[in-house]
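The following pair of complexes shares a single chain, subunit A, combined with subunit B in the former and subunit C in the latter.
Now for the complex of A and B:
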């Protein structure tokens, strides 16, 4: 089922991306920020995708710690890798916009700091998996679990500093404040989400095959020994 | 049974430490060197920047704590004694609590030297509100040590444990450094902002509860090979 679904999703994703670009091109430049405002269509969806990756990594980690199933671990690593990838897109696009909108590349604002720290935690997660040696899946699962659990604390403690980032209420209010921005935004979000699912599926399949190959090697060594 | 085991682990660590005092002295000297390095880096024309004292104090506690965590578990690894502890018919979370108490006590002793030292060098009124200051230091130290003990224990089997410990520990203990520094700075301000310090104390206490609970839950799973 998964194998048949994959090319279909890939095709949908390609169409969505082209549609999103056409929609983005059609919206007239925003009055105060001009062309730079269009970063918004890449920036917001990539953070949504990062938080989705973190959620998958967190749930996968808890599932793995509780049951020890290899598929739980594969889901966690896929989520962790995607979180780092999409987080990087968000971290690059954010400062490009901020330089124009705020006049500075970076602000120690609650949302920025939380996102940066969470991203760093999941970079640490991948570092443990890469350099932790045998048995590092469990250590990584603990990092995934703790990294997810610390998010509300980080957000709350940095929130006490003043926030300059546009509030998330910008999003639900978009139909009233700027109705022309809704179609490109929706197209962007959907294309990022479908891309996320496509990459997740590919990564899970890769993990499955790696596990199969490892099993075959072990079986072969047993026979020749 | 639970607290007896925790107490026995603590007494064992204490008995070893009292003979050589190696970890205590090295941790203390390291913490003092940290304070001096930051002092030389920050002090300009004989004046430290505002709020430097709480920042330097907490950085020294965290750095020295990382070193102490590494050394404590290195000792267990060298003698293969943690394996013996894990084989003992004792509740595993009790071993964690015993180790955690040892680290907290060690850091507490280090703070007995560090706090007066920082107060002396930076003319900071650390003893104006002794009760709140002690509670803040205790809550922050326990939170840092709670995550640190779990991570140091689970990294014991990993070859690259020396560098992985800070990489994993710092992003997750960021709320401790923010809460500790901001809370201490609020108390050092003139007049002292007790409401602000109490709020940070509450955040640190919540952090402690959540992360000790998570550690107790995961310690058994993580330490089982």
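Now for the complex of A and C:
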């Protein structure tokens, strides 16, 4: 079912992205940054999607540690993978913007450094989950929980510490400061969220099918033992 | 008189290239400018296009990995089902 639905959902999502790009193309560039500010229409939604992935990984990890249910672990892994994917997009698009806006690719300031460490935490989560061997689910869940607990500090780091990164107030202030930038930003965020849901469904389906294979192997081994 | 004039002309002819070949004086100070001229500015379009293209490539790569893993799992399921049928009592 999912195999047939997946390409259709991806095609619908592609149409949404094309619509978002049309919006982005029509909106005027920002006055101080110029054209490079248009990277923000993909940079901000990618971090929103990453935080969503982290939230799913965190809830799944708590759920798994509390109940030991395999579907909780599968949800956590799916969330963790998507957090790494969208975090990578954020970590690459950010320096591309910074090269023009700040004159450097990277600054070791509070926001950028903690964001990189957060992303590496979820890379570690997936590494433990993949190569940790039997029983690594609990250790991975603890790593996922740690990453989830750290995430709010990364988000608020621009308000807590002195940093060159734009503050968290930029987005909530957008309707007042630049109302013409709201439709492209919302269209882009909506496209990213739909993509996130489609990829999450596909990854959960993959987890279910992998669990089916494991059960079939165990049943076969029991029968032949 | 003519001799003096010739000496003067020859002096000009010989000395002028010496001054002309001198390098310009070194910069003694830096003076900030208020605005970078457009020819000196880093173009933004390649950065924007790279950012959008990277997103597209990353998502397509992830979709491809899911597709590949799903195909592998389904091949495993089919192989196990065939083995189970063959070895069924």
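The rule we apply is simple: the second predicted complex is superposed on the first by the 201 of 225 C-alpha atoms of A that agree within 3 Å, B and C clash if a C-alpha of one lies under 4 Å from a C-alpha of the other, contacts with A are read in each partner's own complex, and residues count from 1 in each chain.
Keep in mind that, in the parts below, a contact is a pair of C-beta atoms (placed from the backbone, for glycine too) under 8 Å apart; a residue touches a chain by one contact, two chains touch by 3 or more.
These numbers were taken from a predicted model, which means no experiment stands behind them.
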| item | value |
| --- | --- |
| Partner chain(s) touched by A:157 [first = subunit B, second = subunit C, both, neither] | first |
| Partner chain(s) touched by A:88 [first = subunit B, second = subunit C, both, neither] | second |
| Which of subunit B and subunit C A:203 touches, first, second, both or neither | second |
| First, second, both or neither for A:121, with subunit B first and subunit C second | first |
| Of subunit B and subunit C, the chain that contacts the larger number of subunit A residues | C |
| Touched partner set for A:139, first subunit B, second subunit C, both or neither | first |
| Contacts of A:174 with subunit B and subunit C, given as first, second, both or neither | neither |
| Interfacial residue positions of subunit A with respect to subunit B in the complex | 65-66, 117, 120-121, 124, 127-128, 131-133, 135-136, 138-139, 142-143, 145-147, 149-150, 153-154, 156-158, 160 |
| Residues on subunit A engaged by subunit C in the complex (per definition of touch) | 3, 10, 21, 34-36, 38-39, 42-43, 46, 81, 85, 88-89, 92-93, 96-97, 99-100, 195, 199, 202-203, 205-206, 209-210, 212-213, 216-217, 219-220, 223-224 |
| Subunit A contact footprint on subunit C (complex, rising order) | 42, 44-45, 47-48, 50-52, 54-55, 58-59, 62-63, 66, 69-70, 73-74, 76-77, 80-81, 83-84, 87 |
| Residues of subunit B touching subunit A in the complex | 147, 150-151, 154-155, 157-160, 164, 167-168, 171-172, 174-175, 178-179, 182, 203, 206-207, 210-211, 214, 218, 221-222, 225 |
